[in-house]
C-alpha cells in the first residue's frame, strides 16, 4: 500500500484511454472469457425465445417508465408537504415514506397482490364493476407496488430538494409579485427538480433493478421470460448470464441517457 | 382478520414462533452479509485508491456489474454459481465436496452485493478527508500503515457513516430476496404460513411490522452510534 | 458412517404431500414416504426445502442430492436428470368455481383464464392443449397461489394433480368456492409415467438403491400403511 | 391618482420581531426622481424597513402608499397587520424593483430567462417583446454577451448587474436596493456602482441601503440616517455628511471615514 | 555528528512540476538557534522549498542534511529523486516540527490527543509522560483550558496555537512554519505571532515562511528573499529591509509597505 496521493494542481498527462497496455490485456482476457462462455455453454435455445425476450424487455421498460413517471408525480407533493404542508399532512407523508422505505418491496408486492387483491374479490360490488377486468390481472398490483416504492424514495429526495432551494430566490420571486402558484410552478418546482436531477439517475437505476420482482406475481417481464427458459431448458447459468447482461445494458443506456440530459442543464453551483 | 390473530401466537398451532425463526435467520444473514460486505468494501476501496491499474480496473468491473444488475438476478447467479465454484475447487484440491448451508450461501450472496456498495462508500469517504490531515501525519513521520490506522480510517468515519447506515438498512431488506432461492428467512416463512393458513393479510402485515421494527430500531442505534462516533468532531451546524 | 443425503422438496406448501406445519416442521405423505424409503435404503435423508423453479438446477449443482417433490417422470426432464421408478401416479384434473358449468376440454375452457404451477407437467400440458383456446394461462410460483387466485376470482380454472386439488377442495375455502370440473385427457408424453425420485444421472448406484427400497416398502406393506392415513384410495396407480 | 402623488409614502411604520422592536415609527416620502440613501449602523433596521415597503416583512403597524395607492391591511388578531388583499400586494410588488444583497438570481434560468421571467409570466407581456426589452437592458448593464449563461457561471458583479436588469425589466416605479455591493469583492463593487450611478443620473426613483458613503454622497438627493429603529436625522447629502447635527450621526460618520 | 554541525543544510535544491521548474538550485544553511524568514512573492516557491526539506515534496535534485545526517536519495528513473530509505525519512521527519498554514489538526482527536499522538504512537513515549509534556506545552501556548476540546470548536488562532504545541511536542531540532497566520482573521494573527515570537527569543531553530514583514524583521536572525525559484538576496533583516540591493527586492518591499 503506497501513501495516499495528495491531489495537486498538476496532474501528469495520465492516459485514460481504453488502449493502455494493461487494459488491452484485460480486454483480451475478457474476450477469451466471453468466447468460452459462448462456445462451451448452450445457447441453442436463444432463437426460439428471441421474440419473447424482446417482448419481455419491452414490458420491463414499460413497467420502469410508467412507474417512475407516475411515482415521480406522486413524489412531488410528498416532498412538498413535508417541507411546507400543514403539520398533520407533513407527518402523514413522512410516515408513508418511512413505512415504505422500511419494509421490503417484495413483501409489499405480495401484500398487495395476495392480501389486498384477494380481499377485493370478496365484494360482489367490486367483482361486477368495470374495474374488475383490471383488478383480476397482475400488472395493476405490480405497477402500484413499484410506483409507491418509487414515490416514497423519490419523495425523500424531493423533500431535500425543496428544502434546499435558497430562500432568497423564493423571496425574489415574491418581491416581483409572483402569486403562490406561479412561484411554485416557475421557480420552486423547477429549481427543486434541477437539484434532484443528479440523484434521479441513481434512483431510476434502482427502480430498474426492482422491476423483476413483479415476475413473482405472474407479471410477464424479461425476468419472467428468462425464468421460463430456465424451467423449460433446465439450464442453470446460461439464461441467468444473459439476463444479467440484458440488465447491465439497460442500466448502461439509462445512465448514458441521463448524462446527456444532465449535460444540457448546467448544474454547477446548484 | 381478528379471527386470524391467534395464528400469530408463539406456540403451535400459532405460527409466531416460525415467523420469529425467520426473523432471526434474516437478521443473521443481514448481519453476516453486512460484515462480509464491509470486509470486501475495505479491501475494494483500498484497491481502488492505491492498487495497481489492473486491480483498479477489475474492481471497477466488479462494482459496475453488481450495481447494474438486479439483486434478484445476482442472488440467483451467486447462489448456484458460488456454491458450485466452491465445490469444484474442493474437487480440484482433492477434498470431498462441502456442504454449504443456506445461511452461508445467503451471507455470501448478500456480502458480495454489499461489498460493491461498501467499496464506493468507503472510497468516497476517504477521498473526502481534507488532504492536509493525512499530510500532517506524514510530516510527523508516521509510516503509511500507522497513518492509515491512526488518521485515515478514523477521520473517514464521519463521511462514511451515513452511507454505511444506509447499506445496513438495504441489507436487512435484501434478505427478503433470498426467498426466491428457498432460504427460510422471514419473507419465505411468511409466505409458507400464509399459504398454509390462507390468512394472507394477517401474516404479510405481521411480517411488515417486523421489518419496520428492524428499520426503526436500526435507526435508533445508528443515531446513537453517529452521536458517539461524531461526538465533538463537528460543531453543531457549523463547518467541520 | 451413514451417508447423508439432502432431499429437496418445494419450499412451498403442497398439501397433502408436503407442507410446513406451525412449528416449521415439514409433514405430509411424501415426507413419510421419504422417511420410509430412506430407512429401507439405509441412507440418512435430510429434507431440504428448495424453490421449486430452481429445484433441477439445485440438483445438478449438487445443492441437493435427490428430489422427492411430486415430480413427474417426463421425457423432457429425463434429458437432464434421472428418475427412480415411479412411487405414485394420479390423474390430472381441472377445477373451477361452483356456479359456472364447463368441463376439462379445450371447448370447455375456451376464453377462460387458466392457472397452473410454473415448470410443472401441467403447465406444459395446458400450453399444448389449452393454450390456443384459453384467453390466458397464468403461471404461478406455487400451486397454493394458483388455488388462492381461483378462490379470489382472478382465475376461472386451475389445472393440477387431482390429489393436491382435492386437498384444496377439502379446505374451508375450497369447499366454499370450487369443484372438480373433470380429468383431462391423458398424454403420457407430457403427463409422464407417474412421480419418481429425481436424481443426478451419474448417481446410478443411488438410483438402484432407491428402486429396490420402493419395491421393498410396496411389498412389505409400509407404503400402504402410510397411504391409509392420508388417502381413501390407492395412489400408486395402475 | 393625482399627478402630484408621491412615488412612495411610508407613514409611522412599526415592526417588532417577538420581543424585539426593530422599527419604532418610521415615516418617509419619496417624490418621483428622488434617490434616497438609507444609512445606519448594523442592526439599525435598514433592511427591515426596505422589506416592509414591499411587504416581504409585514409591518406591525403603519401605512405604505405607492403612487397614491395605499396597501390595504387588516389586523391579524395578534397585534400585527396582515394584507387584506393578496392580489393588490402582488400587483404593487410588480411596481417595485428589488435588488438584493445576495443577488438571488434564479439559478435554473439563464440571465435572459431571469430578466424576462416576470414580464412574461407575471405581467403577461408577449415573449418576443419581453426579450427585446430584456436584451436592451442587458446591453445597458454590459451583460449582452452573457445573456445565455447561467448565473453560477458569472462573477458576483455580473450577477448583481443581471439582478438590476431583472428589476428594471418590470419598469418599476421605484427601485429598492438592499446593500447591492456588500456581497462583492472590492474590485467588483465598481462595476455595479457605476450602473446604479447611471440610473440615478436618469432620475429614476430609488431607495438605496448602502455602506458606501462616498457613493451615497455622490448619487443621493436625500440621505436618511436610521438609528435604533427611528430616523435620527435626514437631509440633503451635503448637510448630512458635512454638517451632521446629532452626536450619533457625527460618530457614525467619523467611524466610516 | 560534529558539535558544529548545522541544524539544516540544503544544497542546490531543484524541483519541477511537470513542465514548471519551481526551484532552480536553492541552497540554505541554518545554524542552531537561527531564525530564518523566507519571503517572496506568491508562487515564488517558498512553500515548495519548505515541503522539500521534510520530503513532503520530493526534490528533482539536491541534497538535504539535517543535523549532519544526509537524506539518502536515489534516482526514480524519470529524472527525479526518490528516498532510498523510507525509515530514515520517517525518523528525520520526527525531528522537524511542521506548522501548516491551514493548521491540519486531526479533527477526530481532541487538542490533547493531537499533541500526544506523535510522541506516543511514533516515538513510543509512555503515555503519561507524553501527557505531562503536552499539558505543559498547552499551558505555554495558552490552551490548557481547551485541551479536551475538538479542533472544530476552536477559533483559527487557537487551532494554530494547538498546531504549534503539537509540533513542539516532538522536541524538534527545527520548526518549519508555512505562513502560519495567513489563514487567520487579522484579530487572531496577534496571538499566534506572540507565541512564535517567544520561540524565537528562546533561540529555537526555525524556518519561517511569512508575509508579515514587520514580524519577520523583529524575530528573524536572517532573511531570505526568494524570487522565481532562486535566492535573489539574503542577509540580516536590517540589511534586507533598510538597504535592499536588487531592484526586485526593492519593489517587493515597497509594495508591502
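By letter and in written order, the chains are A, B, C, D and E; residue numbering begins at 1 in each of them.
The rule is simple: a contact is a pair of C-beta atoms (placed from the backbone, for glycine too) under 8 Å apart; a residue touches a chain by one contact, two chains touch by 3 or more.
As the structure is a computational prediction, the values presented were derived from the model and not from experiment.
Is the structure still one piece when subunit A is ignored, or which groups does it split into?
Taking subunit A away leaves these connected sets: B, C, E | D.
Relative to subunit A, which chain has the most distant C-alpha mean position?
E
Considering A-C alongside A-B, which chain pair is linked by more C-beta pairs in contact?
Most C-beta pairs in contact, of the two: A-B.
Report the inter-centroid distance (CA atoms only) between subunit B and subunit E in whole Å.
46
For subunit B and subunit C, what's the span in angstrom between their mean Cα positions?
37
State, to the nearest whole Å, the distance from the C-alpha centre of subunit D to the C-alpha centre of subunit E.
51
Subunit C to subunit D: how many Å between their CA centres?
Result: the chain centres lie 83 Å from each other.
By residue number and range, which residues of subunit B touch two or more other chains?
Where subunit B meets two or more other chains at a single residue, that happens at 76, 80, 135, 138, 179-180, 191, 200.
Two or more other chains in contact with one residue: find those residues in subunit E.
Residues: none.
At least two partner chains per residue is the criterion; list those residues in subunit A.
114, 118, 216, 236
Sort out for me which residues of subunit B touch subunit C in the complex.
For this pair, the touching residues of subunit B are 7, 12-15, 17-18, 21, 76, 80, 83-84, 87, 97, 99-100, 179-182, 184, 188-189, 191-193, 195-196, 198, 200.
Enumerate the contact residues on subunit A facing subunit D in the complex.
166, 168-169, 171-179, 182, 186-187, 190-191, 194, 265-266, 268-270
What part of subunit A is in contact with subunit C in the complex they form?
114, 117-118, 120-122, 127, 135-138, 216, 218, 227-228, 230-232, 234-236
Can you list the subunit C residues touching subunit B in their complex?
4, 6, 11-13, 15, 19-24, 49-51, 54, 57-58, 61-63, 142, 144-145, 148, 171, 173
For a test of understanding, state which residues of subunit C touch subunit A in their complex under the given definition.
53-54, 56-57, 60-61, 76-77, 79-81, 113, 118-119, 123, 138-141, 145, 148-149, 151-154
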